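Each structure below appears as structure tokens.
Both of the next two complexes hold chain A, though its partner changes from chain B to chain C.
This part shows the complex of A and B:
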């Protein structure tokens, strides 16, 4: 299936948000995920299966403020 | 329009100054920390205020710009359990935390609240060329998105630029420029 991740269309095998984050080696503690224009709390990542045409934004925060 | 400031350090204190100078008169200022000497290179505080709570100091300093402003300082540590309640009556919230995990916590906790959220990521170092704006849900995030405070020091100019862009976002979307045309 095709999913747009950070503006780029990518080919993915079926997976949940949590699986994708793990596969990509992203550190969940600083990562914010927007799925189809909605920010998804980390506790819900494992329950959301990605579908054809979905849009994801992945943002890893860096510290400082 | 009431604006909440979550963390009144480099980002939070400087955003607040821009907001008050531009006509914002209702702010909630939340921080648990006291002013330290190392804060004075970029935060809106003064040497004779060292050791005191920053939330209260910021209210004092902003009142010197706008004595008519309604300023609500709160000395407390924000977390996932209390943050939505603390800022419940705010129309917009400024994320001014230092830590990555706290930044994420704020976005996840407030994303579905309908409030405007303005956040910072990447304010350390001296590089100004890659400061950009990203939007996620109701959140706007500004910074270079790569330079972490654990690897680079933080200086006034970059913090000031990011803070000014964050304040501008609120002023523009909140309609403050039209209301204060001078």
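This part shows the complex of A and C:
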């Protein structure tokens, strides 16, 4: 299935947000996940299966003025 | 001075130096800088993660007692700024938001028009909105009407360290303010921060000049002292300037008379 991650369309095997975060080696505590324009709290990541055409933004807070 | 409090939203600030988390050579310097300066509010930015090289979580370096001021940097339109603000709030960063909408990549001048639109939308959603703008009196009035919690005029381009190049325009904002005026961007030296406070600015926001100093912790402290001195001078009301000398000692003859 195709999922848009941070603006890029990617081919993914079926997975949840939680598995994707783990596969990519991202630190959950540093991550803000927006799924189809909705912020998903970390506790809910394992319950949300990604679907064809979904949009995912993986964001984090960084230094800025 | 003990009772001199700056209220923004439901927060009370006794330190009028606001700081930023950008450009530190080492993030571990941030908590030391905060402790040394006593700064009570600090900016952070939100970015897409680099899937190749993940950065540290900047929030881990900010003590809970310090108010977070997420900015909307990267936004090119009001709608993008609104979206970033909502994400920051939902991610647990609180109600404060610095609106920064920039389309000019050379001078990084804020887009005042888009910033006003974003202010209107976000103030209605209950955000404590701090818009970063070019100092324009008419716009400042519109921002106040739109519910901005403060107006944040730039002193000089972001990161330029050139000081209060827009001083005369900022003075108009201060004279007519209905909400606090916070000078943001361009302040390069503690003396410039003190000058802004002497003029009557309610606070200053300094990032680059502290973060890129050889010793950011000492520079943070130097800025805090300058801001305090400038504020005290403003409250004490500066003495008048004169084009002629006015003797401060008696001018009557002493030894020279007959």
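Here is the rule we use: the second predicted complex is superposed on the first by the 62 of 65 C-alpha atoms of A that agree within 3 Å, B and C clash if a C-alpha of one lies under 4 Å from a C-alpha of the other, contacts with A are read in each partner's own complex, and residues count from 1 in each chain.
The working rule: a residue touches a chain if its C-beta (ideal position, glycine included) is under 8 Å from a C-beta of that chain, and two chains touch if they have at least 3 such contacts.
Note that the structure is predicted; figures quoted are calculated from it, not measured.
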Report for A:32: first if it touches chain B alone, second if chain C alone, otherwise both or neither. both
For A:61, select first, second, both or neither according to whether it touches chain B, chain C, the two together, or no partner. both
Touching A:42, do we find chain B (first), chain C (second), both, or neither? first
Just chain B (first), just chain C (second), both, or neither: which does A:2 touch? neither
For A:24, using the defined touch cut-off, is the partner it touches chain B, chain C, both, or neither? Pick first, second, both or neither. second
What is the shared patch of chain A, the residues that chain B and chain C both contact? 29-32, 34, 39, 57, 59-65
Using the touch definition from the top, list the residues of chain C that touch chain A in their complex. 20-24, 27, 43-49, 51, 54-59, 70-71, 73, 87, 90-91, 93, 158-159, 185, 205, 207-208
Seen from chain B, its contact residues with chain A in the complex are 7, 9-12, 95-101, 103-104, 107-108, 111-112, 120-124, 134, 136-137, 139, 141, 143, 145-150, 154
For chain A, which residues count as touching chain B in their complex? 29-32, 34, 37-39, 41-42, 57, 59-65
Taking the complex as given, what residues does chain A use to touch chain C? 5-7, 24-27, 29-32, 34, 39, 57-65
